[in-house]
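For reference, the structures are reproduced in the following blocks.
Next, two complexes with chain A in common: one pairs it with chain B, the other with chain C.
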Partner chain A sequence: MADINPLAPAMPLAIDPEIGGPPTAPIGGVPPRAGRPAVRFGRLGPTLVLILCAIFFIAPLLTLARYALQNVPTIRLGASTMFDKWSLSGLTKAFSDKQFGPTLRLSLKLALGTVTLTLALLLPTAIWVHMRLPRMRAVIEFVTVLPYVIPAIALVAGIVVVKPHARWFLDSDYSLVPFYVILALPFTYRSIDAGLRSIDLKTLVDASRSLGAGWGTTLRRALVPNLRTAIISSAFLTTAVVLGEFTIASTLLKNTLPTFQATYVKREPQGGYGLNLLALVATTGLFALLTVATRKRGSRKVKSALTDPAMAETMAFAGITRSQQGR
Partner chain B sequence: MTNIIAASDGTAVGGRTVRAAPVARARKRLSWAWLGVVPFFAFLLLFLIVPAISVFQQALHNNDGSFGFDAMKAAVQGQNLDAFWFSVRFSAGASAVGVIIGTLLAYAAVTAKRPKWLRSLVTSFSGVAANLGGLPLAFAFITLLGRQGVLTKILSYFGYNLYAGDFQLGQVSGLITVYAYFNIPLMVLITLPAIDGLKASWREAAANLGGSSFTYWRRVGIPVLMPSLLGGFLLLFANSFSAFATAKVMTDNSKIVSLRLGFFLGGDINVGQDAIGYALAAWMVIIMGVCMGFYWMLRKRAERWQT
Partner chain C sequence: MTGLLYISVRKTFGPTVALESLDLDVREGELISLLGPSGCGKTTALRIAAGFEFADSGAVTVGGADITRKPAHKRNMGMVFQSYSLFPNLSVNMNVDFGLRTRKIAAPERRKRVADMLELVQLGGMGERYPHQLSGGQQQRVALARALAIRPSVLLLDEPLSALDAKVRLALRDEIRRIQTELGITTLLVTHDQEEALGIADRVGVMSSGRLEQLAAPSEIYSRPASAFVARFVGSMNELAGTVRGPDAVDVGGQTIMTPSALTRNTGDSVVFLGRPEDVAVRDSDQPGLAGTVTATTFQGASTVVGVRLDVLDTLIHAHLNSSTASHLRAGQRVSVEIDGARAVLESAGAASPVPVDALA
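Right, the complex of A and B next:
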């Protein structure tokens, strides 16, 4: 009698690891046999994949850091010289190069111009389409992937054709801005579209308008604060893309930071590797900043643009843009 | 009777006239609403469509300068055909590697329960890694796998010569390795929503009907994931095929179509063959168009099981 546990009836209710509660459907048949190799392998496989991927993704960064920061020829590299001569001298040399300042400034200006033009063009268009032309959404969505159909290297071929007819425009360094807006379109539009889909646009606009606000005030005080995440994400992603754009800038012979990076490596390998390492660190920093800037407070589950499933496609598309023009 | 009902819910008999009015109003409003997207389309036309059309206009030339398909034909013959074939091969390889490892990684991240932060770490890192690089990535791989690279040295210390075979950063094997760096995280981002869409109850239902884990994957899991996987393959293929700067830094291999195009534009190949250069660009646009078209169709299918 004493060995009848009062809790016993609760025990057979197996907790399903997939959903963290009792099974939604009774599981018939044979229960999984403990110690079956497949069970252990099932855990081993994913862990192995994770570890191998981690090594693959970190190794090139470490070796780049070594070349950038350690002044030991490869031939003499070994266990004994592993920690010799690490310094920032390559980097400081690159910073003091007289081309570094101007190219960095130009790239920053291009990034600022691209972000501004993108928002000025896309925010009103996307809001308008959501409010008045919902049937156009599919069309616009398709149109915004056209920059993948016409990749940067093909686009620049077209620019070269047009160039003799529009020298007054294309000779200026800032003529890159509209093309960068185009290249960024797939992910900037997706980011803003996802933002608009997550809010009740019509109610917000109606409420704001009925309180006597004009369109400008509505946009500034009702919509932009609600689209914060979308706007910040597209701004950061665009900045990252512009600061790395190489294809168009190098073909049109513009002296932006990436073209300087490419030529400087040939002159000063160590400093050049240093600059490239810095570019990687800066991009990562930009994304860390993006995570902090878009972190949603209040909700218990911390969500940011980087881990938000609704943003996954935006991030993927940004990556594709990078590889077409930046890589 | 019917009249009373019609009056009470405003649908039946009298409804037709009542309903006709808003439709007419909506149509009237629509006719002006399109003006709102004119700036956007004008911008697109000017900075994307016009350059694209001028590429085709330059490409559609015969040897004597008249309109025709000579240049388009020449761009897929001889060395140019070799280049396209080479590019298709390494892009397909890089894309396959990305799809397989990316899906495994996404699955590992979703199913691993223990460290709770693992999933968000993998997603965040994929977001960053997919966007890392450009030139820096190419240089990073040169320091790892180049002739003087660290891994090359380590391997040769253990008596293995990495460069003994046909390995080179600019050849198929090298390009696949380097492009995997951005293709894998891209695939993770593309496929995560699809893997999230696999419901636990499906697996239970399969088990309930006596299906093994293998049967579940063969009959349920893989078919549901298939549109996402194929779509991902096409996207990664397009991505690898048109990537330029990474390849440009690592190699001078003119078998890579995007580099070959770059040489034409940079004037390394003589001016008389201009039309062939533009024809290369035109073919590239066509290939990208086909890939993205199919991707678009598959994406619509893939979305069915998501949300």
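Right, the complex of A and C next:
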């Protein structure tokens, strides 16, 4: 359902024009080498895989879109009705539901709070680990993956036990923030870690400090600008987690966007699925926008999240997870 | 007075002793290079001066003021690193400006200093470029400008040339020396490249396993090494087994070589005789000396390296000869070798070689 998949928009972009070209017409004036046909057939394989992957990702989305946005009975959704009665009425109905506005606002606030807390905790910690405890990196990486390995329901069981004693805290809507920080940790830590690995951290810190900058200035002027992609992608992944988390929010009786979606989809399936589709499109759109925005002018070495292999790895990891979580 | 002084500085990392007890006086305006194999403690010494590491005991002073416990950003040190350390997100101008901004210097003064510094390292007009648009040599020039812009009391250079290719390295080495002399700035350079250390410095400190083995002018390091380690590490050495025959004589393969280095030895001691290849003369086989056979000649332009296998000790020694002198020598030719012991060093036979094999190459 709401499998917000950050990998999906990367797929079409990942098709290298050179690989994608028909094997009979090599690009760039490279003469076809008759003696080595293996090279040319070798290109066909990857292209085929990419096309299949694209279909695998896009076909379900297309069917979802048809179900949500076409006012045609499900039984009659076929090739012949492809262009019939497209309409946003299901969506507008969902928007006008009196619960939609408040739950969306709460989820966005939670996302903002989670991103802020995550960065405030994670950035200094990850930098410290890289600088001073490089041997601990494997251990910390393992620890940060735990929230992914341990099912959310186990965390919920713990919360239920603690709940009577911590009402003062759990009654607030924002009590979800720490849980979301933990849930997002496998993705956020990896993203920041990948960013730190891609820069010469120690030298940049030493250089900055020898020029008279304290830790604060060093972080602000020498590190954060060079970790821009990592920070933005970790913020994006955190947002994706917050906008998709149902179990804990539901247990703690909070009215977030995902809990609203879950109830609404039962009441109004068409509008509900439309909402899920919109959430997916909006998050990927936001991500694409941020990717473009992070490509700074004049400095082509500043990696965008889509071209940085370490970042792509994190994204793929997150993508798999999101689709597994799909409720 | 902005000399840099190490007083009995000791530093350990767990069980590893990085610096045993370093005493080093970098005088005002002087350039000292610390030379040694990796792990000898030279980089640790530099990082302690920079404030990136702190001494376990001992003290570091600059211009008489104790800075031992001062954090890095409060010391006034200009540092150039081995790897490219420019901030990739900042233009050349902003990189050079970085230290000036942290010092809250007024904008017009900053602009002037940035321009002056880039002029000094001959990169005027490159200010708007970004680090990735510069070559390695240019990046290191910017790093130097950035370090000098803050008008540091001491300039610290951590293998600044080792990432560059040979030609650029040589040009930048001369450039660093020119700027250093021009500004009269106290400078400590760390390197594992002996040519670099000897070529640039007023004095060279040779380090080994956390100890300063010798601190002297480059020519003295080369011609009068204080220890067998220094002798082996700086330049190349022929090693021959010998026996001390008197206060100024050593017997090598039946030939007596006059050498002042025998003074501290007892007659009859077994020693290893270490002599420079330049101090080996190769003559026709009817001349007096150690008989041997030429194994190979390697033409190197002005000089030629001649390998000779000695009959008596079955040892291979090398001679650096003038190419014109060596032109008649062919592999397989019988020759007579004479060794000048004036600059030789003796080591007790059986002493373990402290130099790793790769450092001898």
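Operating definition for what follows: the second predicted complex is superposed on the first by the 234 of 327 C-alpha atoms of A that agree within 3 Å, B and C clash if a C-alpha of one lies under 4 Å from a C-alpha of the other, contacts with A are read in each partner's own complex, and residues count from 1 in each chain.
Note that a residue touches a chain if its C-beta (ideal position, glycine included) is under 8 Å from a C-beta of that chain, and two chains touch if they have at least 3 such contacts.
Just so we're clear, the structure is a prediction, and the values are computed from it rather than from any experiment.
S.K.: Does chain C touch more residues of chain A than chain B does, or is it the other way round?
M.R.: B
S.K.: Just chain B (first), just chain C (second), both, or neither: which does A:Val72 touch?
M.R.: The answer is neither, since A:Val72 touches no partner chain.
S.K.: Is A:Asp200 touching the first partner chain B, the second partner chain C, both, or neither of them?
M.R.: After superposition on chain A, A:Asp200 lies in contact with chain C alone.
S.K.: Go through the superposed model and pick first if A:Arg221 touches only chain B, second if only chain C, both, or neither.
M.R.: In the superposition, A:Arg221 contacts chain C only.
S.K.: Can A:Gly212 be said to touch chain B (first), chain C (second), both, or neither?
M.R.: The answer is second: A:Gly212 touches chain C but not chain B.
S.K.: Could you pull out which chain C residues touch chain A in their complex?
M.R.: 50-52, 71-79, 81, 83-90, 98-99, 102-103, 130, 132, 143, 146-147, 150, 156
S.K.: Under the touch definition given earlier, write down the residues of chain A that touch chain B in their complex.
M.R.: 16-19, 23-29, 38, 45-47, 49-50, 53, 56-57, 59-61, 63-64, 66-67, 74, 77, 121-122, 124-125, 128-129, 132-133, 136, 140, 142-143, 145-162, 178-179, 181-182, 185, 237, 240-241, 244-247, 250-251, 258, 261-262, 265, 272-273, 276-277, 279-280, 283-284, 287, 291, 306-307, 309, 312-313, 315-316, 318-320, 322-327
S.K.: Over in the complex, which chain B residues touch chain A? Could you list them?
M.R.: 29-30, 33-34, 36-37, 39-41, 43-44, 46-48, 50-55, 57-58, 101, 104-105, 107-109, 111-113, 118-120, 122-141, 143-144, 148-151, 153, 179-182, 184-186, 189-190, 192-193, 196, 200-201, 203-205, 207-208, 210, 213, 235, 238-240, 242-246, 248-249, 258, 261-262, 264-266, 277-278, 281-282, 284-285, 288-289, 292, 296
S.K.: Where on chain A is chain C touching in the complex?
M.R.: Touch residues, chain A against chain C: 199-200, 203-204, 206-214, 217, 221-222, 225-226, 228, 296, 298-302.
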